[in-house]
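In what comes next, chain A is part of two complexes: it sits with chain B in the first one and with chain C in the second one.
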Partner chain A sequence: MKTLLCIIRLKIKNTYQFRIASLSGVITQLLWGMLQIILFKAFYEANPNAFPIEFNALVAYVWFQQAFFSMLGLWNWNYEIFQKIKNGNIAYDLTKPINLQFYWFSMDIGDRIGRTILKTPIIIVIALILPEPFRLYLPENSATFLAYIISITLGTILCSLLSTFIYVLTLFTIESDGLKLLYQSIGDFLIGNVIPLPFFPDILQPIIIALPFASIANTPFLIYSGTIDGDKIAIFIGIQCFWIIAIFIISKILEKLGTKNISIQGG
Partner chain B sequence: MIILNYLKISFKKIILYKKSFYLSLIGQFLVTFSAFIGVLFMLHRFEKINGYTLSEILLFFSITLFSFSIAEGVFKGFDRFPVLIKQGTLDSYLIRPQNLIIQVIANNLDLTKIGRVLQSLLMFIYCIFYSDVNWSVLKMFTLLLIIITSCLIFSCLYIIYAGICFFTLDKVEIFNLLTQGSREFGKYPIDVYGDFVLKFSTFFIPFALVQYYPYLYIIDHSDNIIFVTLPFISILFIIPTTIIWKLGLRNYQSSGS
Partner chain C sequence: MSIEVRNLSKRFVKYENNKGFIKNVYSYFSPKRNYKYALRDLSFKINDGEIVGYLGKNGAGKSTTIKILSGIMKADDGICLVDDRTPWINRKEHVQTIGVVFGQKSNLWWDLPVIDSFNLLNAIYKIPKSSYEKNLSYLAKELDIIKLLDQPVRTLSLGQRMRCEIAASLLHSPKILFLDEPTIGLDALSKKKVRAFIKKLNKTQNTTIILTTHDTQDLEALVDRILFIDEGKILFDGTIPELKLFSGDQNQSLDDILIGLYQMSGDD
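Take a look at the complex of A and B:
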């Protein structure tokens, strides 16, 4: 836990150093989100009945995608870890009395939180005061908001666990470029970055929702807007917990196998 | 030819990590393929947007994607320009007796991008057969013109980005809106995004001149023959590009490390 907090603090300092760049990132994100909303507005006007969720729910979905762009971005890697595996410096980590999986997980999630903690609130606050049709609405009641906070926390943990899974897999492949790209391209589609998941054909919905990627972003975003409500909230949070435990166990086993067979070349 | 030499070296680099190369190739293929599926899902659900049908949207998107993939494949090095500046790699290019643009392109070739170009080419061919355009010689000529000038505009954007980086010495995120954004939002004809975006991309960054207006002529949404000549006007975009690049290069003072 101490490691985790320390990493987050360092990352925030780093982001603060480059605050002009962060600001330019915020503007980019805002414009990007507005263009997305204009596009969906055009679809909405073409055929309002075919719209799978309420328009306000879509607006919230788009803004959260932008606000959590780095935090839940599958492209957001900790390159240090890949380098360590490739150049053999991982040998030092193996001699330390730390849990490798947890150490990598802390580094990854610390990186994510540190990078976003300044940007996310700014984007959300601006989205709250934008004029129609861009305005982000507050959730219906505080219970919904609480469920949203729990769900987005679980989503972030799951996202970092999945990254950790890829770091562990790299123990076997050594070169990571192909693995990363494959994971990103499939994941980006299934997480809802190409089109929001509710817009997938209805037949595919149950399958998409059951996959781990849907639990990262789609679940909290839809809980916020009330699209997922009542008893369904418990089920969706249950799916999130299931994947967190499952991915944790699988990477743990792989880590054991990987570190047993690892061979460090050279000096 | 020096470019061929560079290509040979890039190939040799790949052969060292074959498995990773194949995975990257598949990954690149999937990036564009999923974008295609996304558009398909949206149009399947809504059937029409702003009066465009599925086949019209798909052809438009495939044209954008194809030309963008080519430009991105060649000019990817310019996307990494801030890194080149910070690491001092650019300085080592500058002392060599070879054109700087060629060096940046050739030293940063990423052959996995072939997967992307190939995918977009397949999609483009498929969409041409799938669409119900009444082809004429003039329309085919227009199509060719759209692709060439789109490549040109995308390439200019990359060079402008590099030119600006000479001053900022750091990445300019807002530029992603023009490079990555042009692919993301180029899925649909520009008028979908409303009047302001259409005007912006007509008079400021001439996306609409090379894609939107001539495309209207191809799908018979307009019979205004002037639209076919608009891509030629967009060639003027080279002038500001050259100015920004030259100005940046002259003012470049290295990152100092």
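Take a look at the complex of A and C:
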């Protein structure tokens, strides 16, 4: 635990050195969010009945996507880990009395928090004070907000666990490009980055919701806007917990196998 | 903390490359495996508090041995006991008692001040607060890195960085230190500092040190005993004067003796 906190602190410190780069991302994210809202507004005005969720819920969805772009982004890799596996620097990780999976998970989540911590609050505050139709509304009550906080925390943990799963898989393949490409192209679609998940056809909904990617971002975002409410919240958070445990166990097994027969590259 | 290795073997799988398209397609479906032995029947014993120079030409199996002794890799055959423990079985417990420096790799965070990497190691090794502070001030003084602690690693010269790497490997007061080419690429002054420190560490803390290097001055300055390995086997085990006797011509420089040994051993 101390290690995890130490890594997160260092990652934040690291980002802080490059704060200009980090802040410039805010502007991109704000403009992109507004563009998306304008686009969906046009759809909404054409036929409000065909809209699967309320318009405010969609606005919240878009803003959270932008605010947590780095935190929940499947593209957000710790490239150092891939390099380590390839060039043999992983040797140093293995000479430490630390579990590899946990260490890489800490690195990954540290990266996410580090890259997000400067940007997210700014984007959310600006979204809260923007005029209609861009305004982000506060949730209905504090219970909803609490559920949202729990859900987004679980979502972040799941997201990092999935990345860790790919890092661990790389122990077997050494080359990570194929895995990354496959994971990102399927994942981006299923996480709701291409089109928000509620816009998928009704037949596909149960399948998509059951897959781990929906639990990363879709669940917390819809809890915030009240689209998922009441008893459904418990079910959705249950799915998140299920995937966290499942992915954890799978990568644990892979890690054990992978480190057992590891061969270190380079002299 | 003694080290004992008996009949240790490690092989790597190599897939054969064929010439010609058809053969390649064929070998895609049924690859032909070949084994390359990095170590075969390696045996030696190192006592507590020794400084041992572990030599051999490139590809002789030096790094493989270090990786096995430090618990990173599993041997295929044979017995390897470090302080009566097999390194790769209880990796986490084992690595708590050893320090490793790979001269060609880095253990520090490139963009952050050195002290931050140290603090992270402190958390990972769960070093008690008092001994961490004691070790840090001791190492900082001895390795002359007090002024470097607050500088980002990327701004350090190689010699400065290597001293920091060595300090990083010793924060948890290991009983055994593996140094894999610690002086590679360093200037004469940095080398001198590193050597003086290693010597002192061994004297004052009785740390067992295993040093691989291609620098004969390192050996002359530091090492009590030389283990010369070739094709995964021990070719020579003894002191430097004994090595000179072994080579036949006592007036030769250590460099020439080693060249002789390299030429004697098989091609690779």
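Just so it is clear, the second predicted complex is superposed on the first by the 265 of 267 C-alpha atoms of A that agree within 3 Å, B and C clash if a C-alpha of one lies under 4 Å from a C-alpha of the other, contacts with A are read in each partner's own complex, and residues count from 1 in each chain.
By our rule, a residue touches a chain if its C-beta (ideal position, glycine included) is under 8 Å from a C-beta of that chain, and two chains touch if they have at least 3 such contacts.
Given the structure is predicted, the values throughout are model-derived calculations rather than measurements.
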| item | value |
| --- | --- |
| Simultaneous placement of chain C and chain B on chain A, clash or fit | fit |
| Contacts of A:Leu181 with chain B and chain C, given as first, second, both or neither | first |
| Touching partner for A:Gln17 - first (chain B), second (chain C), both, neither | second |
| Superposed model, chain A: greater residue contact from chain B or chain C | B |
| Chain B versus chain C as contact partner of A:Cys6, first or second or both or neither | second |
| Which of chain B and chain C A:Ile203 touches, first, second, both or neither | neither |
| First, second, both or neither for A:Asn261, with chain B first and chain C second | second |
| Touched partner set for A:Phe43, first chain B, second chain C, both or neither | first |
| Which of chain B and chain C A:Ile129 touches, first, second, both or neither | neither |
| Gap in Å between nearest CA atoms once chain C and chain B share a frame through chain A | 11 |
| Touching both chain B and chain C, residues of chain A | none |
| Touch list for chain C against partner chain A, complex | 12, 58, 63, 67, 70-74, 91-93, 95-96, 98, 100, 102, 104-107, 109, 111-112, 116, 119-121, 123-126 |
| Chain A residues within the chain C interface of the complex | 2-3, 5-7, 10, 13-14, 17, 87-89, 91-92, 94-99, 103, 260-264, 266-267 |
| Residue ranges of chain B in contact with chain A within the complex | 17, 19-24, 26-28, 30-31, 34-35, 37-38, 41-42, 44-50, 112, 170-174, 176-177, 181, 184-185, 188, 192-194, 197 |
| Contact footprint of chain B on chain A as seen in their complex | 18, 21, 24-25, 27-28, 31-32, 35, 38-39, 42-43, 46-47, 50, 52, 173, 175-182, 184-186, 188-189, 194-195, 199-201 |
